[in-house]
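Paired with subunit B in one complex and with subunit C in the other, subunit A is shared by the two complexes that follow.
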Partner chain A sequence: MPKCTINGKEIEVKEGTTIIEAMYGSGEQKGEWPAGKVAHYCWHPGLSVAGVCRLCMVQIEGNPRLQIACNTVVTEGMKINNTSDAVKDAAKWGLDFHLINHPLDCPICDQAGECGLQDQYMEFGKYNPEMAEKKVKKHKVVDLGPTVVLDSERCILCSRCVRFTEEVSKTNELGIFNRGDRSEIGTFDGKPLDNKYSMNTVDICPVGALTSKDFRFRQRVWYLKDSNTICNGCSTGCNVKVYFNREGFFRVKPVYNEQVNGYWMCDEGRDVYKFANRENRWLKAKKRTSAGWEEMQPGAAAKEAGMVAKSAGANAALVLTGQYTVEEYEAIISNFVNELKSKNVFHWMNMPEKAEDFDGLLLRGDKNPNTKGLLQILQKYGISTKWSDLTAGLASGTIKTVVVAGPEIQVQFPDMKDKIKELSKAQNLIWMQSGKNSDLEALTGNVWLIPMKSYVEKDGTFVNYAGLAQKFKKVTTVISEALTLAEAGDLLVGKMLAIKPEPNVFVEAVRPPDRVVVEHRKKNEFVYRRGTL
Partner chain B sequence: METKLLTEFYHLDEFRTLPGYQKQGGYEVLKKALKMQPQQIIDEVKASGLRGRGGAGFPTGMKWGFLPKNNEPRYLLCNADEGEPGTFKDRLMMERAPHQLIEGMIISGYAVGSQKGYIYVRGEYHYPISVLRKAVEEAYAAGLLGKNILGSGINFDLDVYSGAGAYICGEETGMISSLEGLKGQPKLKPPFPAVQGYLRKPTIVNNVETLAAVVPIIKDGAAAYRKFGTEKSAGTKLFSLSGNVVRPGNYEVPLAYPLKDLIYKLGGGMKPGRKLKAVIPGGSSAPVLTAEEAEKVNLDYESIAAAGSMLGSGAVIVIDDSQCMVDMLGVLTHFYHHESCGQCTPCREGTGWLNKIVHSILEGRGRLQDIELLIKVADNMKGRTICALSDAAALPVLSFVTKFRDEFEYFVREGHSKVRGVRNAEMHH
Partner chain C sequence: MSVVQKNTSEASKWYLPGILTGLGITAKHLLKNLFSKNQMLTLNYPEEKFEYSPRFKGNHVLTVKKDGSLRCTACMLCATNCPAECISIVASEHEDPSVEKYPIKYEIDILRCVFCGFCEEACPVNAIRMGPEWQTPGVNGANFHYGIEQLAYRPQLKGGIMSVVDDEERNKAGI
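So, the complex of A and B:
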């Protein structure tokens, strides 16, 4: 374990650690640059060393030449600093070299506000540009593939994206074509950047060269708040950051977690925010009457549906998908078992034949974030039902009322139509889920549709494929009247609901801690206030 | 007078064929070498003081010594990607004496324990490639290459590989990338090629002239080789003399030969009525010397380094008083801008920037601060990149601008060349 001194701070590192890794920090301090920041573009902790941006210059005592921190291994007693004038000068000029042919189109660039060039120039820049010649012209708005657009003029050729497709996705779509200052990122003809992880290239692009087709021009990043959560797209449980404002959610980016997803996430997971957005959600509960659908407050609907469920008692069945939190399963199953004395709890598994699939990187065939968690709770209550029991029960009439906790990501449930058809045979159907569904809305008979909270609107725990329980915090509220499964469970068995006032991210005033009934909750909590963003 | 250690029989056309080469004692040294121990050969080369003839002048024996001492397969690559502007010695050697190079490579391969060699030839060298390929065929047919060379139990295979016309592939790791089938870009060091080179195996890369020089060293011994040159610059070297001299060409002289003599005695001096203005002593990357500096230096590593330039590849470019230094620098910056591989930012952007500044001066749009800016940009390109191309682009700029500042200032002020006058102001378009 060699010890070195970086900017006067003694640091002990593992054998083979490079200077930049030592400076980046490890363990709890990873990414915090405990001994001072060093300018860098091409180096990325999740990729191999390219050593081409030449910004991470440091001075090593006893070495007349400046060395790059990313390719120099720390040796015992090494004395390193990056605060000397020589190093600062090298970084200043290094940044200027990056910028001389950069279009400086920040006002129309999507990366503005979170751009490596802006950030590092503020910190290390020269501030008196001397370039007076014409800039190099390159291709703009290059369609690299279904998810990513390239602006070659903005590109600083750090080669992170090329190394990503080489080393992580192993799809090798990207390369650097031509040479010198005519170099451009590109793909081979007829082989676009099209893989399941392609949007990571946008994340690691330090400038606005690679932009996401999904996100570009939709929001300026300084109008977005972000918050960490767990992706609910599959059973891997990637740690992610969601970006949102009062207009809804806009994008998802990965958050480093060594145990789960490293630095990356898949493209599929980047779409899940859409299911939480208002336009795809049920805003009100609905009850089918002879006159058609009658809109209700979700809480009232759950209470009313609860009468039906209660009267069914042991003849009520509960169908659960693996898309809710452990806490919610616990609450609703305990209510079913203890209050209704029904052990008719069924697990609706989508695509069970693919459940064990794994692409070797992150994507898993089980498209539920919490299948493991559900199975644990079912086991806890000694429930081991089969779907055929439900089918039989519906046919024989022993199951009269079915309560369904439907999926949040309906696209991952190819059997959605079939299940709706099958379950609608019950006398009473109480279907709870967050997103709209036209098949459900076409049902007749005794049907209640109750809107649920999405994964970003509640606290909870997901247990991933490996049995790792990951707790996450509520991000914000989109549909304030929607219920969590736990709340719905209480209401369904006739309990009154005591709602603890939730700390609200948008409203400063703390609501008095009185007993609030669901119906009276504040309507729209998406209040945009300047100052906080 | 030339000292023809390598080029003695270059005037004979038949010297390029196997029988012609053998008639002059060819492959006798190989027989001698195969009776020696590999370490003996390495020691002999070390003792000879032979330094790399490609440009960097790194001691050859020491380079060989960096190889790991084990039985791991290793490669011997001959760098024949002779791209340094002004240099044309390797071409002559390959055209006139391909077997000399092959013999040198077999001996070197045996010494470093390599069983496979490649000659990476500059893509534009169609004729040398065809000569080399023919010679390699002849050598295979005669049992000088392949398995069990001359019944010694030693194996050595040799291939001739044609580059595709990139200057950067003359940089040893760039060449290795290119040989591996990748884009010809230098690799990050460490690891150095001797540890991890071609196909991630230990690799030695030597210049054509270096490998050929192994033949006379083993033939007559290190001491005989050391008779020529100085303590630190031993032996003879080919110099490619070009530019405004009466008799340009390749000349083999002992190191430490006076540059003045090369120009005036061997090269026949300046053309009538012309005066020496400047000399680039070691290929276009070497800082230019003024006439006064040039007349004092000797052609060896120390003397030229003391004068602030480099012996480099031994390409001596002579510039007389009819040449405009701004024009010349325009040619050079254009070359380096064209040839930068684009990997490292300071070089990729800097070479283009320098070229644009020099050309805006040439087009009469120059500003006085541009001269200072050229120096600043070049200064900040120096020593900041993976390979030496950035330095190679920066050094001529620094030396041209500082040593011939008056010509640059005149051009900026007047909008035309001090030497050419207003005539042909649009020469560069």
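So, the complex of A and C:
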């Protein structure tokens, strides 16, 4: 375990750690740069070392020349410094070289605002470039594949994307072609960059050379807020960051979690934000009467539907998909079991034959974020029903009312149509889900459609394929009237919605015994302050 | 709250001196305007108009390129810089890769605008300027959300004002 001193701070690292890894931090502090930041483009913690950008120069005591931090291994007693004038000068000149052929594209570049070049330029910028030559023109707006657009002029040839396709996705589509200042990123023989993880190249691109087709020109990044959550695209449960503003959600990016997804996420998971956006959601609840559809407030609809569910009692059935949180399952199943005395709770599994599929990196065949969590709760209440029980119950008429917690990501439910057809045989159908569905809206009979909150609008826990429970926080509210499954469960059994009291952190629960109360302070302060009327 | 101190002196309680002083001032202006008309400040408004300096910040103009298309690249710096938040832009991908990004909607809510000129200061390509027009009343039901048609191609501009920043020239110069 060699010890080194970085910017005056003593750090103990593992054998074989490079200087930049030591500076990047490890364990709890990973990514926090505890000993000070160092400028870098080509180094990425999840990729191999290339050492091509020459920006992470550091001064090592006793070494006459500056060294790159990403490819120098820490040795015992090394004294490293990256705040000296020599280092700053090196970074400044390194940046100037990067910018020789960089176009002044920032106004139309999607990366502007989160661009490595902009960031470093503000820090070390050399505001008077000394390059008198004309800039080399390269290809712009190159269609690399179904998800990514390349602009080779903006590229600084850090080779992060090339190494990503080589090492992580192992598809080897990208490469650097030509030599010198004519070098360009490209795909061999014009083959498209088409793999399930291609958008990660956009994330790791430190400049705007690779941009996402989906996000392209839709927002400037400084208009977006971000918040961490868990991807609900499949049972891997990648930690992600969603970017949103009041117009809706715009993109999803991965967040590092060593246990789950590392630094990456799949392209499929980057599309799930669309199902949370307003235009794809039910805004109002709908009730089918003889006169047609009647729009209602979701809460009122759930209450009304609750009367039907209550009258059905033990003849009511609950169908759950694996797309809700553990807390919600707990709440609605306990309501069903304790209040309605019905143990007819069924698990609607989409694509059960593919559930165990795994592509070797992140993507799993079980397209529900919380199948494990649902099974745990079902087990807790001793429920072991099969779908055939429901089919039989519907046929014999013992199940009259069906409450369905439908899927949030409907594209992952190829059996949606069949299930709607099957469940609509029930006398009363109470269907709760967040997204629009035209098949449901075409139903006749006693139907309630109740809008639900999406995964970004609630707190909760997802249990992933490995049994790892991951808590996440609410990001924002898209449709404030929509209900969570827990709220809907309460309303369905006739309970009122109540704000659950949380321990107040501002008021002490117990007054300390030595606290003196002055007599005149006992007065109602509001009256006291208001003065005479 | 400010406290107004009233003039409570004895002299102010007399009626006629105040009235006569006021009438005197009125008469003085009447005579002055009667005999030297060209120094009179009043304009006969709809026929006569006051000329502001050419630097006056009036209604916005979106400049155009040589071919008459919009100069704006939809970078949204004006909308970011706008303190009144009156600019809304929707960007889109242009067919021509050398243009790449352009606005399909550019709207200024002129009633919210405070005419501070921050938008033209923020613009990196000289696409938005503030012109000399300021008399833009609207009758009942008029649209005060000025779109591209109004901002760039309104009849007063006679086909559009050309921007001074030209991409082709910059390309040739190797920038």
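To be clear about the criterion, the second predicted complex is superposed on the first by the 497 of 533 C-alpha atoms of A that agree within 3 Å, B and C clash if a C-alpha of one lies under 4 Å from a C-alpha of the other, contacts with A are read in each partner's own complex, and residues count from 1 in each chain.
Assume a residue touches a chain if its C-beta (ideal position, glycine included) is under 8 Å from a C-beta of that chain, and two chains touch if they have at least 3 such contacts.
Being a predicted model, the structure only gives us computed values, none of them experimental.
Once the complexes are laid over each other on subunit A, subunit B and subunit C both fit without any clash.
Looking at the shared chain after the overlay, A:217 reaches subunit C, while subunit B stays out of its contact range.
If you count the residues of subunit A touched by subunit B and by subunit C, you find the higher number for B.
Of the two partner chains placed by the overlay, only subunit B lies in contact with A:49; subunit C stays clear of it.
In the superposition on chain A, contact of A:260 is made with neither subunit B nor subunit C.
Once the two complexes are overlaid on the shared chain, A:148 sits clear of subunit B and of subunit C alike.
By the touch criterion defined above, A:133 lies against subunit B and subunit C together after alignment on the C-alpha atoms of chain A. Looking at the shared chain after the overlay, A:485 reaches neither subunit B nor subunit C. When the shared chain is aligned, subunit C comes close enough to touch A:104, but subunit B does not.
Taking every C-alpha of subunit B against every C-alpha of subunit C after the fit on chain A, the minimum distance is 12 Å. Taken together, the two complexes place residues 133-134 of subunit A in contact with subunit B and also with subunit C.
Note for the complex: subunit A touches subunit C at residues 104, 106-108, 112, 133-135, 137, 140-141, 216-218, 220, 222-223. Of all the residues in subunit B, the ones that touch subunit A in their complex are 166, 168, 183, 188, 190, 337-346, 348-353, 356-357, 360, 367, 370, 373, 376, 380, 383-386.
Of all the residues in subunit C, the ones that touch subunit A in their complex are 73-77, 80, 91-93, 97-98, 100-101, 124-125, 171, 173-175.
Every residue of subunit A that touches subunit B in the complex is listed here, in rising order: 49-55, 57, 65-66, 71, 89-90, 93-94, 97-98, 100-101, 130-134, 136, 156-157, 175-176, 178-183.
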